[in-house]
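Structure first, then comments.
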Amino acid sequence: MNTLNELLIKLWVTTGIANFEWGQVLMIGIGLLLLYLAIVKKFEPLLLVPMGFGAILSNIPVAEISGPDGILGILYHTGIETGLFPLLIFMGVGALTDFGALIAMPRTLMLGAAAQFGIFVTLIGALALNMVPGFEFSLADAAAIGIIGGADGPTAIFLASRLSPDLLGAIAVAAYSYMALVPIIQPPIMRWLTTEKERKVRMEQMRHVSKAEKIAFPLTVLLLCVIFLPTAAPLIGMLTFGNLLRECGVVDRLSNTAQHELINIVTIFLGLSVGSKLQADHFLNMETLGILLLGMIAFGIGTAAGVLMGKVMYRLSGGKINPLIGAAGVSAVPMAARVVNKVGLEADHHNFLLMHAMGPNVAGVIGSAVAAGILLAVVGG
Amino acid sequence: MDELINQGLQLMALGMGTVFLFLGLLIFVITLVSRVIQKYELKAEAPASTSTSSHDDLVDVISAAIQQYRSDHPRRK
Amino acid sequence: MNTLNELLIKLWVTTGIANFEWGQVLMIGIGLLLLYLAIVKKFEPLLLVPMGFGAILSNIPVAEISGPDGILGILYHTGIETGLFPLLIFMGVGALTDFGALIAMPRTLMLGAAAQFGIFVTLIGALALNMVPGFEFSLADAAAIGIIGGADGPTAIFLASRLSPDLLGAIAVAAYSYMALVPIIQPPIMRWLTTEKERKVRMEQMRHVSKAEKIAFPLTVLLLCVIFLPTAAPLIGMLTFGNLLRECGVVDRLSNTAQHELINIVTIFLGLSVGSKLQADHFLNMETLGILLLGMIAFGIGTAAGVLMGKVMYRLSGGKINPLIGAAGVSAVPMAARVVNKVGLEADHHNFLLMHAMGPNVAGVIGSAVAAGILLAVVGG
Amino acid sequence: MNTLNELLIKLWVTTGIANFEWGQVLMIGIGLLLLYLAIVKKFEPLLLVPMGFGAILSNIPVAEISGPDGILGILYHTGIETGLFPLLIFMGVGALTDFGALIAMPRTLMLGAAAQFGIFVTLIGALALNMVPGFEFSLADAAAIGIIGGADGPTAIFLASRLSPDLLGAIAVAAYSYMALVPIIQPPIMRWLTTEKERKVRMEQMRHVSKAEKIAFPLTVLLLCVIFLPTAAPLIGMLTFGNLLRECGVVDRLSNTAQHELINIVTIFLGLSVGSKLQADHFLNMETLGILLLGMIAFGIGTAAGVLMGKVMYRLSGGKINPLIGAAGVSAVPMAARVVNKVGLEADHHNFLLMHAMGPNVAGVIGSAVAAGILLAVVGG
Amino acid sequence: MDELINQGLQLMALGMGTVFLFLGLLIFVITLVSRVIQKYELKAEAPASTSTSSHDDLVDVISAAIQQYRSDHPRRK
Amino acid sequence: MDELINQGLQLMALGMGTVFLFLGLLIFVITLVSRVIQKYELKAEAPASTSTSSHDDLVDVISAAIQQYRSDHPRRK
């Protein structure tokens, strides 16, 4: 039956040229852009390289790599729909994080709380966007968009996969992009809201935190979460589990694996899976533009709220707390803390705020997980 | 529409309230736990020196090493 | 529609306080106890830390972390129901175990055989408990409980998941708890059953075991298992596979991964999954108490049977075999062998039995896998 | 009800002796043979050790280890049916491969193209075998058999799992066996087709390849694949993704994991899974014999085609290209390149061709992935 | 039967043709990309010296190390 | 009830019997295999003499043991 001619046609109809839609071409371009930002500009490369590549793979016509039988589709189904990947990442983050600075200065938790303001303002912003024709965000959508302001990748992915899976791609892109842009977005806001004098405040050296305190910390956080906010328990639970592996001192081989191989494997899979949500027909629409816009606002407001709370604490402490460290409350660990350090050094070349900013920085992680728990409780029901 | 935004505002009030309450409580509990631990550790400091089974361990390690060496390097003449 | 009041109620009904049942509070306490034993007392921390934490997570109200869509429920379904996790652990154990001492003294396999007596006595004990009102153990339940006497975690989990999944939580807790208690349970029994003279027996140095013998060993064990006891083949198969990876010398990169990253990842998941079976409504009942009691008996009888067989071999060998090494036959690698070494040193400060006890110790692993195979064949059918 | 007698019978009917079929005994023998070749002869041990062991495990009567609830059956279902394992291996291969030699001498891609001739000749050979009674290969079967000539394990497994899952076992055995036999199959063909003078050709030192070129390479290959041959995109996509992780320089921790732990874990699982397809009732038949025969032909013809194209390039380049490096075009990385080096050294003791052979060698990997894409497009539709 | 083999032959023609075309195109594009990159790199060579944020980084690292050391080794008298 | 315990007793007889038989057989086969291998290796020995790195190994083992001991028991004054 077949002649060479027919075979040729059969091959031709499977080529990319014969099947491309413009949206796919554009999305492959966006995938390349993400790779460029990751590799050349070094923006969150650990996530943006797999994600950018996943964006390219998922927009290849014919191949259906993001379809239910394609590798990206399978990874997404296995790891994102179930919440497994973000939770395992959170475990790894827990195993990688030293909460010592926060234990030494628990007050800085207030900065991590204030910076979550960005989440809720963005939520309202998303609802307000509904007034513009073309936007129809539900309350769940708005909550998922708001969490971008938490500046925490796994939390954003976890919440979006629960509340608004259709928007997951745009939300993940916005979350990681703005986290990468922290060094650009935050400094002007920080300078605008603080005086030279405030920025020059040198903070006291932190007290020593004992091993027992570090072991007690994850358990304390978990128990409070269990009692008051069980809906945040998956996130807080895995974070504190990882941290307990790290601090307890008797399971170093598990802690090492959680910090290295396991989180690396899951990072590769998570990035590719999230990239699979950047398919042209799901991504190229007004909503994505709206989400990117709202994400920018979220970061700005979160930073501002953190700095303003920093100013309050500056007053209350009689000038002992440098308000700049409030900006680190958005999370974006450890980028935000480094930005604080840098802006502090601009004002005074011997003012090292890095360690002091780590307190609010990790407090921001807890803060956004708590906010996610609240949103799940109230909106997710 | 306004209804939805109204809901959002209430969600903000509730959300920020809860975040502050929760993290505020956390400050309180962490501080408490730290004090308890520090007090306990201060007490424990004097009679510490827990090196109990150090001798056994040394013996274990060396005997294992010797046995290992012997089993890996049988004498042949 | 919603007012702030309604939202508050919605949030309140998801708090832990509003949802706690006393059983859950108690189980979280048991989870904390397991963590305490693991971290402070260093009882089998590699399993008890994840398991204790899993126990806490699975008893958090509302969050449903052990439910079919929760991370622990998914891990349990994927890895324990299928038998995958315990079998992969067994592969790792094979890759970590040097069977040289056993190959040099194959006679010590008799000690590993004798110590399985605890399994069957416990099985009968479980059936006898049925006379007490409130207990209704089937033969399959009794077999799963008996395997605690095998003193081998993965074997116990594998068999329980096959024969009696409802009792898995209690069985795993009992198995690992008593394995951790080996240094406390075994010495009095060992001293009671042996004379000072017997304990002082110094054993001859073992012969060298060649590489070829070590390669032949896993294949020999597997082939015998294939011919006579195929129902033990999943366990014995993965154990010998891991050991062949270790000994064959041509796949060191696979062997290293099986010994480190892979077994570590699976250990984390296994521990969390097993912990998910410590939910209050499944765990807090008479049966669990019965299982904990029976497990204690199982360990005691296994130890005694091993030592008594050691005494037989002491006679038969004309006093060349120290009967203490029989206690190592229960498995609990390498804890039981260390206990033997310690009790031997008590009698004679230059009597190092560690290497000689490794033979019966690893024989005990094979012995309990064989016993599991028999139980699967006869009861599991 | 049960008496000891009945229990004994119950145990007896589960023994291997009572259940063996001769085919299973034979297949266990073949499993042992594969282990012998891997361990003693060092033939592709990384795959043949797990595969040989998997062959033994899957032919154990009663145990059903390759059944839908057995560990090998589950691994096969999860990783091979979905294509996940070969694609992840391909990612690891990408992360392990330095394409520098190919970038420096892109012309050698022609050698990697020519060597794919073996694929299509074997395909026709398989169709021709249908004339022999007992063979009934469909076009899809023939295509899957032909890919053995690609001399690339993951590609063969991926394509066979897509086009002809029933033949997967035989195809994988043939592919890896002949890859291991490359040092025996290739040299006589290479010597037969070249003159002493040709074999003595020393090649110029290659130019330096910059980091930017190495980053651009995987993206270039991927984009061409996207445009012209999307059906090859899963394979080429994962290969180039792994390679980008390697070369981009900003995600070294992901690249390391892809090169070590992840590929090791998947290799263990892949080998065991493929071994599960060596069950007696699926493997012991005429078709397997035919496939083994055709595989041998495939390798011979691929090698010859590569060398002949090498001779063409020798002429066209005015004697600057040593035709031996054409043999490396079959892939079988890095074995084939080493064979080229060895045969080159036979002719001239100072003629090191290893680096120059790496170009066609990795070109062969791309070439067979492209051929697989074409077969999927035309036959798989 | 002959029909099937005929199909096989056509598949070979198509397949080898496509493989050569694809890899041939790849030769062309790789060569092109390499030239573009080399030209660009030659230009960039003179004004390279990209050590922009090196000082900041150094400061970061040292300050972190000092803080770390201090927090790990509190002075007790 | 007694019936069930009776079953249990028979299971014990069968189980322990099989365990002893199986491991007893294993003793026999392992011993046999070891002898065959040793005989074969003895033959092969003359042209073997592979003891290359034995000294290094001893040094390795002992130094590891000492390091282990030291790291477990830091000197404190």
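The chains carry the letters A, B, C, D, E and F, assigned in the order they are written, with residues numbered from 1 in each.
By our rule, a contact is a pair of C-beta atoms (placed from the backbone, for glycine too) under 8 Å apart; a residue touches a chain by one contact, two chains touch by 3 or more.
Quantities reported herein were computed from a predicted structural model and do not represent experimental measurements.
J.: Which chains are in contact with both subunit C and subunit E?
T.: Touching subunit C as well as subunit E, we find A, D.
J.: Test of understanding: which option in D-E, B-C or D-F shares over half of the contact pairs of A-B, residue numbers taken as the match?
T.: D-E
J.: Please flag the chain sitting at the greatest distance from subunit A, going by CA centroids.
T.: Taking each chain's C-alpha mean as its centre, the farthest from subunit A is F.
J.: If more than half of the interface residue numbers appear on both sides, call it same; otherwise different. Which is it for subunit A and subunit D?
T.: different
J.: Considering C-F alongside B-C, which chain pair is linked by more C-beta pairs in contact?
T.: C-F
J.: Measuring between Cα centroids, which chain is at the maximum distance from subunit B?
T.: Measuring from the centre of subunit B, the most distant chain centre belongs to D.
J.: For subunit D versus subunit F, what separation do you get between their C-alpha means, in angstrom?
T.: Roughly 37 Å, centre to centre.
J.: Just curious, how far off is subunit C from subunit A if you go by their C-alpha centres, in Å?
T.: So the centroids are 40 Å from each other.
J.: Determine the centre-to-centre distance between subunit A and subunit E, using the mean Cα coordinates as centres, and give it in whole Å.
T.: 26
J.: Check each residue of subunit F and list the ones that touch at least two other chains.
T.: Where subunit F meets two or more other chains at a single residue, that happens at 7, 11, 14, 18.
J.: Among the residues of subunit A, which are close enough to touch at least two other chains?
T.: 7, 11, 209, 228-229, 261, 374, 378
J.: Where on subunit C is subunit B touching in the complex?
T.: Its residues touching subunit B are 1-4, 7-8, 11, 100, 104, 205-209, 338, 341-342, 345, 352, 354-355.
J.: Where on subunit D is subunit F touching in the complex?
T.: Listed in rising order, the residues are 1-4, 7-8, 11.
J.: Please give the residue numbers of subunit A that touch subunit B in the complex, ascending.
T.: Residue positions touching the partner: 102-103, 106-107, 109-110, 112-113, 116-117, 119-121, 123-124, 127-128, 130-131, 139, 142-143, 209-210, 212-213, 216-217, 220-221, 224, 228-229, 363, 366-367, 370-371, 374-375, 378-379.
J.: Sort out for me which residues of subunit D touch subunit A in the complex.
T.: Within the complex, subunit D touches subunit A at residues 82-84, 87, 215, 219, 222-223, 226-231, 233-234, 237-238, 241, 244-245, 248-251, 253-254, 256-258, 261-262, 374, 377-378, 381.
J.: Show which residues of subunit C lie in contact with subunit A when the two form their complex.
T.: Per the touch definition, subunit C meets subunit A at residues 7, 10-11, 14-17, 19, 28, 32, 35, 38-39, 42, 45-46, 49-50, 53, 56-57, 60-63, 65, 69-71, 74, 260-261, 264-265, 267-268, 272.
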